[in-house]
Each structure stands twice: as C-alpha cells, then as structure tokens.
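Attaching a single structure in structure tokens format; questions to follow.
For reference, chains read A, B, C and D in written order, and residue numbers begin at 1 within each chain.
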Amino acid sequence: MPHIVNCEVLTHRELAPGQFRVALQGPAIASEAKAGQFGMIEVARGYYPFLRRPMCFERILADAFTVLYKLEGEGTRLLSAFLPGQMISVQGPLGNGFPIESNLTRHIIVAGGIGVATFPGLAEALIKVCDTAPEVVLAARTKDLLLCEQDFREMGCKVHLATDDGSAGEKAYASQVLERLSPAPGTRVYACGPMIMMRETSRVALEAGAECLVSLEAQMACGDGVCLGCVVESKHESEGERMIRVCCDGPVFDARMVDWEAHNFAYDP
Amino acid sequence: MPHIVNCEVLTHRELAPGQFRVALQGPAIASEAKAGQFGMIEVARGYYPFLRRPMCFERILADAFTVLYKLEGEGTRLLSAFLPGQMISVQGPLGNGFPIESNLTRHIIVAGGIGVATFPGLAEALIKVCDTAPEVVLAARTKDLLLCEQDFREMGCKVHLATDDGSAGEKAYASQVLERLSPAPGTRVYACGPMIMMRETSRVALEAGAECLVSLEAQMACGDGVCLGCVVESKHESEGERMIRVCCDGPVFDARMVDWEAHNFAYDP
Amino acid sequence: MPGWLTGKPTISPMTPDLSINLGGLAMKNPVMVASGTFGYGQEYDRYFDISKLGAVCTKSLSLNVRAGNKPPRLVETPAGLLNAIGLQNVGIDAYLREKAPYLRKKGVTIVANIYGHAPDEYVELARRLEAEGAADAIEANLSCPNVHNAKLATGPSMVSQVPEQVAEYTTSIRSATKLPLFIKLTPNVVNICEPALAAQEGGANGVALINTLLGMAIDTETRRPKLANIVGGLSGPAIRPVAVKMVWDAARVLKIPIIGMGGICIAADAIEFLLAGASSVAVGSMSFRQPDASLRVVEGVEAYLRQHGIPTVSDLVGAIRV
Amino acid sequence: MPGWLTGKPTISPMTPDLSINLGGLAMKNPVMVASGTFGYGQEYDRYFDISKLGAVCTKSLSLNVRAGNKPPRLVETPAGLLNAIGLQNVGIDAYLREKAPYLRKKGVTIVANIYGHAPDEYVELARRLEAEGAADAIEANLSCPNVHNAKLATGPSMVSQVPEQVAEYTTSIRSATKLPLFIKLTPNVVNICEPALAAQEGGANGVALINTLLGMAIDTETRRPKLANIVGGLSGPAIRPVAVKMVWDAARVLKIPIIGMGGICIAADAIEFLLAGASSVAVGSMSFRQPDASLRVVEGVEAYLRQHGIPTVSDLVGAIRV
C-alpha cells in the first residue's frame, strides 16, 4: 500500500554531469517497495512545478532507498538542490515491480540511458531469488551517460557496454547487442529506456522466443491510477482495455501487451 | 542608476522567530545605494512566486548591504532558505532615499514593526552628516518583534520602546510616544510601519509644526515606475498627479503629500 | 482600537457546523472532489477515509465504456496542468456493477458526473443512476473540452457555450430524475451568468463552476503539440483567479447554489470561493499531488470557522466585503 | 537512424534573418513588449538598449490624462499577476510632448497603443499620432478589463467581446489612419476567431492576442477583494496555454498577422507562439521581473534559428506539426 512520507535526504551525489543519486530515509516505503516500483517525489513546496515527479527505486534497503536521476527540467533541478538532512515528501511504493521467477534459464537486463535506474534493485532481487547474476546490456548515447557499470560488476553481472558514438564499449544499439547475446526460449529480457529502444529490444527478444518485460515511462499527474493521463495503447481490442495505465497497470509490462504500432514516437521526450 | 546583480549571500541569521537579516555582496548596488532606497529580490528561479520582492537596504557597506525582513508568505520563506555562498539576483538601488539635511535641530525616527528595516542606514547617514544621533521610537506588537534596539544604542541613539501589549517599554502606540517627545518646528520625523501608524505619527508631527517624512509600502510588480501598480493617492487634485508611485516617486514622501483620507486602510496587510 | 492593533481573536470553543444542503443534497461539509481527479473514489480511499468528505464526484460516466484520447494526454504548465484525457471511463454498467457498491458500502455521498452526446444519453444515464440508487446527486458535464476534434473546433464546441442548449439539456435531464441536478459549465464564455441562468431556468439545483480552460502547449524541439489531441483543458492553481471571478459573477444573479472549483489546493483557497458565493467547493488537480488535499481542506475550513467564531459554514457563503 | 539517436544538429554558420514585415510595419525582429508592461520605453532604457527590440508598445494612451483605479491594484497569484491599473496614463498630449521624442531619438519602432470610450476617441488618437509622426503603428486596445465598474459588469464589458463592435471600431479607426493598425482582443470570448475576423474585415493589419483574462482574488482574513476594483486582469506564465490556444485558433482563419502574447518569459515561450501561428510576439509581465527579458528573447530566438538551421524567423510562423 502506498504511503506519503517525509523522507530525510541521507546522501546526495552527482555521479556524472547532470546525473545524480539520492538516498532517502523512508522505512514505510522501503519496507514495502520492490524492484521496478517507483515513488512520486514532491520537488517544490510551492506550485512550480505543481506536480510530483515519478522516480524509480534504484536500490531498496531496510529503511531507505536510492533514486538515480538525470537533470531534465525544473523538477529535477529542484530535486538536485536538496541537501542531506533536508526532508522531501515521497508517495510510494507505486506501480507493479518486476516479477521474479527462478525457473528461467537466463536473465538479461537491457538498459538505455537513465533507464538503468530501475535495474540495480532488480539485479539484487534476481541474484537473491535465482542465485545467478543477470547479464546486463548498458547502452547510452555516450560514455558519460553510462551509469552503474561498476555496481553491476560488483554484483557479479556480466556487463556489455554500448554507446551510440563508440566512446565506450561497442558502437551499437542496445537491441543489436542483445541480438548478439542470442536470447532464446527460457531467457527473460528486462528492458528500460527510450520507447524506441524498448520496441527494438522487445522485437529482438520476442523473435528469438524469449520473454520480454518492459518498464515504460509516461507523463504522470497522479502516479496512482486516478488521472488516466499516463496511458499507452495495448493490443487489447476492446474499448475498455485498450488504454493501459503506466502507473498502476505497469510500469512493468509484458512487451507483447504493448501496441508498438499505435505508439507515436514523435511525442517521446 | 539601478543594476541587476547576482549577489552572494555573505551571512544570513534569524534574529528572532521569523525575523531575519541577510547580508548580500553587491558592489554595483552598494556603491550607489542610499538609506531609504530598496532592492527587488528574486526569491525563486521558477515562477512561484513570479515577481521579485521589494526590500529596503538596512545598512549600506562599501560593497555589500544588509536586508532585515520578516516572514510573510512564500517569497520571504524562499528567501530565508538561501545559504551563505549562494547567489541571489537583486535589482537596485531603486526609489528615492531619505533626504539628509544638517540644518534641522532634531531628528526623530519612528519605526513600527518591520518598518524599522529602513532606519539603521538612515541613522548612520544622519550621524555622519549632522553629527548627532537621531532619537528612535521603536514600536511593535510585542517584545519579540522589536528589532535593532541594540544597534541604535550602539550608534548613540536614544531609544524609546513601545509595545501594544506592554511586554517591553511603554504600552503605547508609536504616535503617542512621539507626542510625549514634543516634536516642534525644526524637528524632522521619519516614519515607517503600518499605514495607520504612519498616518497617526505624521498627524502628531505635523500638528506640532515638525516635518514628517514617511516611507510607504505598496504591492509592487516592477519596482521601477513601469507597471503603475504601487500607487497611493496624493493630495494633488489634478488627474495626472493624483496617483503617486511608491517605487519611484517614493518610497519616501513628505507626509503632507499623502492623502490619508483617501487611503482605504481595510486593504492593508 | 485601529484594526492593525487588534490581536488574533481567541479560538472559539464552539464546534462549527460544516453541514450544508446543496440544492437538496445533504452534505456533512461543503468540500467535494472534482470529477476526473479522484477516479471512482476507491483509489484514494487507501490514503484517507473518503467518507469524511462532503461528497465524492465520479469521473464523467458515459453510456458506453470509452478509451479516451491518444497519449500523450498530460502536460504541466506553470502552476497548472493541461489534460486531454477525452473522458476515458468504465461506462455506466461497470460503474453500477463495480464502483457504486464500494462507495455505498463506505457511506460516501455520491455525486455522479455524467457525459453524453445528446440530451437523451444524459437522460438515460440519470435514470439508471437514480433507479439503481447509485448516486445522491447528478452533475451533468456540459463542458468537456477534450471530446471534439481540435482541428475543427474553433466555434462553440461545448454545450455550455450556448445558453439555449444548456436550457434544453437541463430541462431534459430534469424531467428524468428527482435527484439534485447540477450543471457543470465551461469558463470559455463571454458571460458565465448566461449559461448559469439557463441551467437555473431549466430546473437545475445548482451549477458547478468551472471546468478547465481551453489551452495548448507546443514542444519547441519537436515542433509538435505536447498533447496528441493538440488542445486540452487547463486546471490547477494557475486558473484560480479566473474561477473565483466566475463564481462571484454567477452568485450575484443565481438563486440556486454554486459548486466552486478551479485550483483549490488549501483551505484558504476554498474559503475564497465560499466568500465569492460558492455554497460548496471541489478540490481537483491538487489531489494528484496530495491525495488527501480535500480532507485537509475540510479540516482547514473548520479551523477557520473556529478561529473567526463563525458558527456555520453557510455564513461564509457570499460574505465577501465589497 | 531513429530520432532518439540523432545528436544535436551542428550550429549553422549562417546569420538568421530575424526581420519581419508585420502587416506593413517593418520590424528588425519579431519581439516587442506588451502595452502597459514597459511604460513608455524610457524607464527600461536604463537596463538595455531598447532600440534592439522589434518594437516598443506604449502603455494605452487616452485623450485625457487618467489617474486610473484606486489602489490596491496588484496581486500575485500562482505563476500570475492580477492587475487593475485602470489605464492610468499621461494622456496623448504629454505622450506627444515628452515620450515620443525620446523614442524617436533612440530610433525605436513605436507601436502606440490607444484606448478610448467610443470610436471617435480612437479616431482622434490615431489621427494625432499619425499627424505628429509619433507612432509607426497603432494598436487599438478593445479589451481592457479594468475600466468598467466591476459591480455591474457581468455582461459583455469589453468592446472585443462583441464582434460587430470590433468591426465598427476597426472600420472607424481604419478610415482615420494609414498606419498599420492592430486590434487587441480579449480572451474572454467563446471563439476568438469571431472578433479576430471582424477586425480583419474592418481593415485591421493584424490582431494582438491576448489581453489579460478576467480574474479575482479575495483576502480570507479581511474578507475583502485583494484589488480595490474587485476584479482585474490575469497575466503571466499562468495564462500562456490559454494564449497559445487562441493564437492557434485565430491563425487558421486569419489572413492578417497575429501578435502573440500572454506569459512569454523566455525564448522557448516566444517560439511556441510563433509555431502556433503568431508572426510577432510581445513580452509582458516578465519585464517586471527581468527588465531585459524581451532582449533575451530576441537573442534566444536567434540562437534557436541558428541551432536548427532555419534561415528566417518567418519560417517558424505556424510551423507546428500537427
């Protein structure tokens, strides 16, 4: 059940230009949160911005959690100004986390850009339940934007790097790297990143007979199923099921459920 | 000439609950500022609040100035959160300062509540030019809200305290204290505080044949004569001169110029 | 003693009466939530006891389930929110089957907001809601900005922009139900009094002011509208001054009560609407940020009445001093 | 290559052409300042060289000097500003004597905004401005929200709420001057296209969209309106989505150009208006916060054109992708 909690900022670090990690003390949230879920963070006391900002839990500790984020606009700018010791209101945990199943033969995480933010916690959970570290494809536009490589390695994950400009790892798209990793039936692929990257990644995975879970993003007002703002189109034909809410029906979806054809990539950030 | 300057916060202290003093580094402003003038402070980078906040200069140093303020709403709350080392945009100096004349026999400052904020600088200027310290009537609702008593005493001013509840000094209104000080021709009274207090103070002063200057307050958008929002009614009959702008025609006015009858005290904060 | 010297009035020991009768609808307090900003109630019941509210207003219900507009449907603007949901809702059947029973069990006072394409659809919706005991009052949404094709809609695109249509719709719905009937109007008019009076003449028991203001935002990098529907409705604190003005205008000509809304976030905002002449208020977009914002408004209004020694909340209605 | 992978386009070496011809008014760039938010120009000339702007629009000028409304005249609202100045201005004589010569000497392109009580007053103002060479274009304010008694004004209270009146006023002023003539309209209408088309038919060379939205705020402690005039006009970022929508509506039906305004603070805001179909933009309330905001908009628009390799600013007008 979600709570609204005033969380103390424990640590707050800039990892790379414009990329931050903040640790927040919030036992009520941390004790219930699962990898893949998110919180809605109140970045301003006033009305600019007016709404909370959705942020995945990066890692979940006993009474705290971390969030990895990148500067986008006013909300993340304000977030980045919080100092250790200050309080920040978080609503969560929200949404459905990643299902964790031990009877699969292989787990591959595919992260694009800041989409990686949801995966350290997933890797931890997979290691705990399945006893093997997932493989990780870390892709980004350029070297500076590759986050958490070391973290995954420390967990024992095999990490494959890819950048669009070749500044680190392969010069390739995440989906191309995945293809070369030869996913197969029994493999589950977890993807988070830009919509177009998730579409390509899921296409590769599904064509290879693997499962694919995607963690979607959308503009959110409530984060909690109420405003109907965060929908994406599903493959359901019926009027009542066509629109699925990223916040509470997701953010994690079976990639086969998403109607990639209907999605208008032109509107993506 | 006014400038828009990014000023560094040098010190920032809470003097009494909800009463603050901030020192700002701003040579371009400090070098031109005079007692009685003010700056427009940008309290938020975003649009809430949208406008700058007008604040008198309390004291003017070579390359810095101080501001004394009390928490009112969102703007002053945000201002109070600035830490030493942070930058804040100030537009100033604006308005007309107090005229300083040495050929008067007596100077009496009458300050109500946070209205005192404009007077330490005036006292310094008077001491410098006239070589005698002004007398000061410090009035407030209650003891906690009496600011700068010590500061004035250190300058050599005779200080008369008054509170509405008698918690410090006399239980009296500022105007009543002034009356007992017997202002006379040759005396100049300087008043700043709530409008009703300035009206009473100026009535007492003028009836006694003294001069009276008042430093008025009004809601301001531009602080610079453009928006025509900050007007008060003057005694001028002509349509073109009836409205005087607090920001650039004032904030310091000869009390005889203000049409106290026309002022609707019901709207005062 | 001059006003500026008077201290705060001492807190009155009396318990103020918050209850109101809103055009026949008994409410324990004047605070409801705005349609479309509180789902069907259940969602936010996890955060606080929603039966403490004066009423819960449902998302607009239509005869058939609606998928709504294509995404993106939301964009934030300064102190505001633009939405083009397009009336996605579960439809009246699912409402009656799944949503109303929950609200009834919780003892919630239900204002069912309805939307149709023509008077007869509103009539059928109202009849079924009354017949099944699934509403304590009906709010007819004649002001949704998001259900027409924006490319065409440069003329009047909402029923409530045309007073004659308001009268016609209201009369039809009125004839179909004995439940208190409120008509929800758009602010996109020259004079809010005209549709409001038309609603009154048609037999409405109250008007709800205001729905969102038409608005639009463009992404300068992609050069596309930020909403797939191109235009949307603006809500949130940004529009509060517009809403208060409309309530004040309407209150001076109407005999029926007003439900005031538009940017209400805290109790002081709600009191502004009451002073302007609203008998009841609704918290809208603010619930997205703070799910229990409406309950805090209830508590804040009560505290205000105590502090000012005002015995009943109705004493505030229209009590602006001009 | 999919869109999300394409890097930023390299900065183009060309110097974009910012100049426009706005219904006969040659402007060095499309950025002006909004009437009433820049005084008569001189005030802000202390902060930057105002002749760098596309044009300076004066405070509304009337035949006689006006003292305006009683204070308080201003109140801040979320991301907005409510004002009820009431057209305080120096009057046409003082303008011609004291203000215009300064602007002329500075080489400023002058849009003189005028206000009258009837068509003949506008006619006289326009005639005198043209005769004395004190304006390069006329903007007729048919949309001031602050000059009627708010207690009475619940019907149409502004000329531009009635298309027939817009046509009548425009025709009269048109016959009096050869200067480019712009008509400034209120957003408080059902359909902005109607008054805009009426202005076009009356012979206007452009329309200015939008003036402030009617609004109101109440102090809950004193229970008084925060403005002595009770109601005022809402401006600032809060209203931007409303303004962009109106520009977009009007742009699709008009042949004459639009001056877009309402909440423009930074270059991206201005570009939003251009994309929506405005040929020119005006910075309003933001100048109060940042006197040189308009100049920064000029610079930002130029940078945008460079970054996107767009040769002339006119290429942006109406270039929204829908």
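FYI, a residue touches a chain if its C-beta (ideal position, glycine included) is under 8 Å from a C-beta of that chain, and two chains touch if they have at least 3 such contacts.
Source: prediction; values computed, not measured.
Both chain A and chain D are touched by B, C. Seen from the Cα centre of chain A, the chain whose own Cα centre is farthest off is B. Centre-to-centre spacing of chain A and chain C amounts to 35 Å, using the average Cα coordinate of each chain.
A straight line joining the Cα centres of chain C and chain D is 33 Å long.
For the pair chain B and chain C, the distance between mean C-alpha positions equals 45 Å.
Shown for chain A are the residues that touch two or more other chains, namely 46-49, 266.
Listed for chain D are residues 78-80, 222, 224, 236-238, 321, each touching two or more other chains. Contact topology of the protein chains: fully connected, every pair of chains touching.
Those residues of chain A that touch chain C in the complex are listed here as 1-2, 4, 42, 47-52, 91, 218-233, 238-240, 242-243, 262, 264, 266-267.
Contact residues on chain A toward chain D in their complex (touch as defined above): 46-48, 141, 164-165, 173, 194, 196-197, 265-266, 268. Remark: chain D residues 77-80, 82, 151, 154-156, 161, 188-191, 193, 213-218, 220, 222-225, 230-232, 234, 236-242, 244-245, 248-249, 252-253, 263, 268, 271-272, 275-276, 304, 319-322 touch chain C in the complex. If you check the complex, the residues on chain C that touch chain A are 36-39, 43-44, 46-47, 59, 64-68, 70-76, 78-81, 83, 85, 88, 90-91, 94, 219, 222, 224, 226, 228, 236-238, 265, 285, 287-292.
For chain B in complex with chain A, the residues that touch the partner chain are 44-49, 74, 77-78.
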